[in-house]
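The following pair of complexes shares a single chain, chain A, combined with chain B in the former and chain C in the latter.
Here is the complex of A and B:
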């Protein structure tokens, strides 16, 4: 009878359910851990900010899996500065909004009193989170934003760097290098048509000094750039006219999936058939690519990580292929590039906590600064980056190729990161 | 010359798509005077309903369309009967707030169920097929189909409104719901039927949208903006007005894009603003002010 009422009360209120799960989790944790230091109740808290909902939510898809995996790996607690700690991860939703990201980070720091903050996915998340941490003197590790928009977007000074905040990802120079080398693989008219929207990415890529134009000119490519378009756009006929007239063989850009879907079907209707299409954003996610149907095969894209990358996890010992397979088994979904970066984020945080001399902010920050760790996305070392506080991860180029019913991403270009082997050559779009 | 012809034809055809987005909104505004903030999210909901049906039933998106229309009509009927009817009254803020709430609920339910992936419907070769019109000008078969559908949907609705008893009931309730009630019309039922009709049209818009491009759970609000502008340009309560509103929006955007790629969306908004300033009731208003 009493059991039944307890069950009911759990069913009835979400709060009750959450409490019950917490209690159960606590009991499970307690039974796993050696008793003496659980009673000491020392906990190290990791705050995690991610765009769970809103337009950037596609980046946060692996979160549930990653958190479960990290919790499993840390079930036995962590030893920091000779003392044992249980680990608590506090997960906050940025709602794909930078104001909200700053707000929840402040909550994590001031209310939850976290010891370290980690965050990922686009400048809208990593920049406000890192700014809050820098302001409040809390160690912070971020990734999955090209390093220039992160470092310079926050007003970073290459001479001084930042005190509390560290970031690892590739940069614009890598993507430009990968694209340009990719396009030299097959004979074309060497005329490149650009689709750059009027947003922070599009403006950075199309920038006359730091972006694509100077590099393309140096490599002998002709650029057809009609200017920045306002995204979302349903009509690309003027771009197509111009591309057709100028004999464009290569299309590039950093285009949101709906815009690219519009462009690509209109290209079919207007009889525009480029040999190479290398667009970021639109063709980074397998599910978004599948939505293009048969016209997805042959598209190429930069690759931040794939199951074929020759890296292993420092946390679980898994290889890239194992991580991807395990994710698919656990979630029923195809691997995505952010999966490995979420994993690596916790690899770096946990490694720093383990090496810290104590559980105080300065000790943790010093440990992050000294990081030299082989991770799922490649080696991370914040002292060897192009500017202070930044570590660069390898970037290669790939092409979506139809293998049976599925599309597979085949690595075809590795000039910027020779440690990742190529699996094939770029093939012109049929 | 060819260039401009191309620009105009692309704009007009895209306008057909916008008109389809707007028709449902035009209906609910025309009959219930209800500003449905969740309209864009209903379009996305219909798109995802079609995506969910296509694979298990192994049918094409066009074959799935009637099923999605029925489902959405049922959903619209219940939405109006159970929730929106309770908000109607002298305070225009209440339906606004309730539909705003529905907008958030629909987005998050879609996110939970379908994840944040961008999805689309594959209609095969028709998506890239085109009709050459001589010279360098070609129009896509699919945009043509969309525009033709928009015209026939609006033609059919026009017939329903002016040639049938149900249509007369709709118009009577729209003009003066108190007098209509005195004549024995149950306006709550009429409203629910109107919403069912509007939602069936929304289903067409949703399926066509998912064939044309890819959609994600949070895409609704941006579709609402197009729809709202098309309705406002065309004039409240006028269905042909809504069609012309969509076309004007499409052409304005295309012309803006032709001049400078950055001006596409802006020229659409400017056209809308210009009409609202010069003719606050839109170009062809039909509803009587209450």
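Here is the complex of A and C:
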């Protein structure tokens, strides 16, 4: 290198440095200023809240698989309002706690500045998340909470509905229909013992006007309801005594898994043998009921989705059976009902983003409102629901049956959703 | 100069230092800058700081109770929850401005602390701690069975909070939090520098000894317990203005007490700076490790146990014993007067009990 060129390059570097300092100063100044308008224009952000840890963690089991699958499907980005966007999904843990769910949602909205929020799994997650979105004007799609606890539990007005928050799942009328029809399949004393906890779900199910009691009375069932119990509970003796005394043949409820484990093992110890046990929440998951060993077979439950459901994904084109098989292959686990609902959550969000006229909250909200999409859990359309902002998905009934080593869920009741084929008949618990 | 002064070497009671006066000025400056934040800061920073301040408020209230009053409560969530439910009744049912629920929540909590104290002060030590927890559970169960406030399902206060325009909502939340956090710190500071502070720490160290010196033990305990309840109640109302959804499990969650316990113990129990340091550390840890799920909670637990075992005075307490640094001094310390300028010692100590040490 000659001296001259060396000198030149030093001068150039000095000039470059000066320029660099100026630019850096500019950037520093700009970053100090509150500038909400300088969002990264080429990325669309989806915030996802789910109970990764805590008592509801079993609902979030398919999350890792679903996220990987959605990311793969959206690797090429999304076209929104004629412009290409990369997609970023920000995943937050609610710790099965409504306080924490509200906190992380506020974080997603204010700090990460997401364009849309999705959330699932019980009122403890969907209600606080939707509340934050409604107040802050961010489009929000949720599922996996019966629609009444979600809509009325948040003070929803059927005439007005909500502005920013949309929800799809079945309702109490569906589960009451499924359960009642299921119980009529075999001869029993028609006496039903209820285990309803004092929480969002329990209070809705046991409600004297909207819940089970009026329908059961009309259908000729006798109800033994000792009132709402405080969950968690480790002693169900009083319930068991009352059930035995009144000749209860059918046990129902919406019971957190640990409570039901206590109830069912105490029932075994105290010689209470009902013919039918149809308990929501606790017996929805193979992992949870596997713990009962021989006493797991015969339990029945409502089924929101199964590999036998005649639906296809709008995102990947898979059928229900293919999704379940792929999940088992990827994770080594048996399919669970939330798997399809997590998938459908992103189906609805992605579909709305694609149809939105631009990447602004109002445009995305309008697109969600206009949703009419066949998804993995059935058709979703928020304009045809029982109240505004709600779309209903089909519900059938099933029974856990031992097939080889595995417990499998066999569909035995489809009065509320005839498109799902029945695979067998209800059998009394041995 | 009195004759006594000439006889004994001069010394004076010191309640402050140059560092503390500087700290005081800085804190005031920060608070003033902070109050203007809604006009220039991003909503995200406002929210983060609001959370910091209300956690600080809770921690100071617990610190006052446990660190200075010697009453280890694990049931302060009772008052957080009562504040939250005051918001439900006032904001949702009565339709008043939800921010009015903040002072009202304090009043309700204070009023209910009176009968609660009647029962609890019959207990001492570990029994008192368990008693406070039971008390919180009683409140939780009662609220869970009142259907008018949502029963066990809980309800959303979104409707009430949505009546306030966004900017005002964010700013008022921030100002309330700033007032509560700053106010709680100042209150503890002022209280401890007053004669009640002396009585309070005396009661903590030995109830019989302080009673024999003429301190009304019962009165002092009541006073502190009610103040702490009022602080937690006000903070509780504010917390649920930001959370929007309230249920007995969320409002009366033992997590609130665990949070206060963590912040105070890690930062340094029985110091005013401790809760500030603890709250900073809590938020730093949550920011860094919050994504690790259960492991994050396990880490917090292990850290608390480690601090209790090896640094029982907490971070700030350890710093103080090493560097004699006090930003909010509440101790009365005797100092030799080595400086001609401030050689006018208060008459109280002309007997100069510190003479021996001074000669040495």
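For this structure, a couple of remarks:
Note that the second predicted complex is superposed on the first by the 389 of 430 C-alpha atoms of A that agree within 3 Å, B and C clash if a C-alpha of one lies under 4 Å from a C-alpha of the other, contacts with A are read in each partner's own complex, and residues count from 1 in each chain.
One rule holds in what follows: a contact is a pair of C-beta atoms (placed from the backbone, for glycine too) under 8 Å apart; a residue touches a chain by one contact, two chains touch by 3 or more.
From a predicted model like this one, the values you see are computed outputs, not experimental measurements.
On the shared subunit chain A, the superposed partners chain B and chain C overlap sterically.
Once chain A of one complex is fitted onto chain A of the other, the partner contacts of A:87 are absent, as it touches neither chain B nor chain C.
Of the two partner chains placed by superposition, only chain C is touched by A:111; chain B is not. Within the superposed three-chain model, A:53 lies in touch with chain B and with chain C [touch as defined at top]. By the touch criterion defined above, A:198 reaches both chain B and chain C. In the overlay built on the shared chain, the residue A:175 is in contact with neither chain B nor chain C. Once the two complexes are overlaid on the shared chain, A:268 sits against chain B while remaining clear of chain C. More residues of chain A are in touch with B than with the other of chain B and chain C. Legend: residue contacts after superposition of the two complexes on their common chain; A:233 is shown touching chain B, with no touch to chain C. Residue contacts after overlaying the shared chain place A:97 against chain C, while chain B stays out of touching range.
Residue contacts after overlaying the shared chain place A:333 against chain B, while chain C stays out of touching range. Two complexes overlaid on chain A leave one chain C stretch from 297-305, 315-323 or 351-359 clashing with chain B, and it is 297-305. Residues 53, 198, 228, 230 of chain A touch chain B in one complex and chain C in the other.
On the side of chain C, the complex with chain A involves touching residues 40-44, 47-48, 51, 92, 141, 144-145, 151-156, 158-159, 161-162, 166, 242-245, 247, 249-250, 253, 255, 290-291, 293-294.
Partner chain A is touched in their complex by these residues of chain B: 3, 6-7, 10-11, 14, 17, 108, 111, 115-120, 122, 124, 127-130, 136, 138-143, 212-219, 222, 250, 253-254, 257-258, 260-266. Of all residues in chain A, only 53-58, 60-61, 96, 198, 226-230, 232-235, 237-239, 241, 244, 257-259, 261-262, 265-271, 285, 287-288, 291-295, 333 touch chain B in the complex they form.
Taken in their complex, chain A has these residues touching chain C: 34, 36, 52-53, 93, 95, 97-99, 102-103, 106-107, 110-111, 123, 127-128, 131-132, 134-136, 149, 153-155, 197-200, 202-204, 228, 230.
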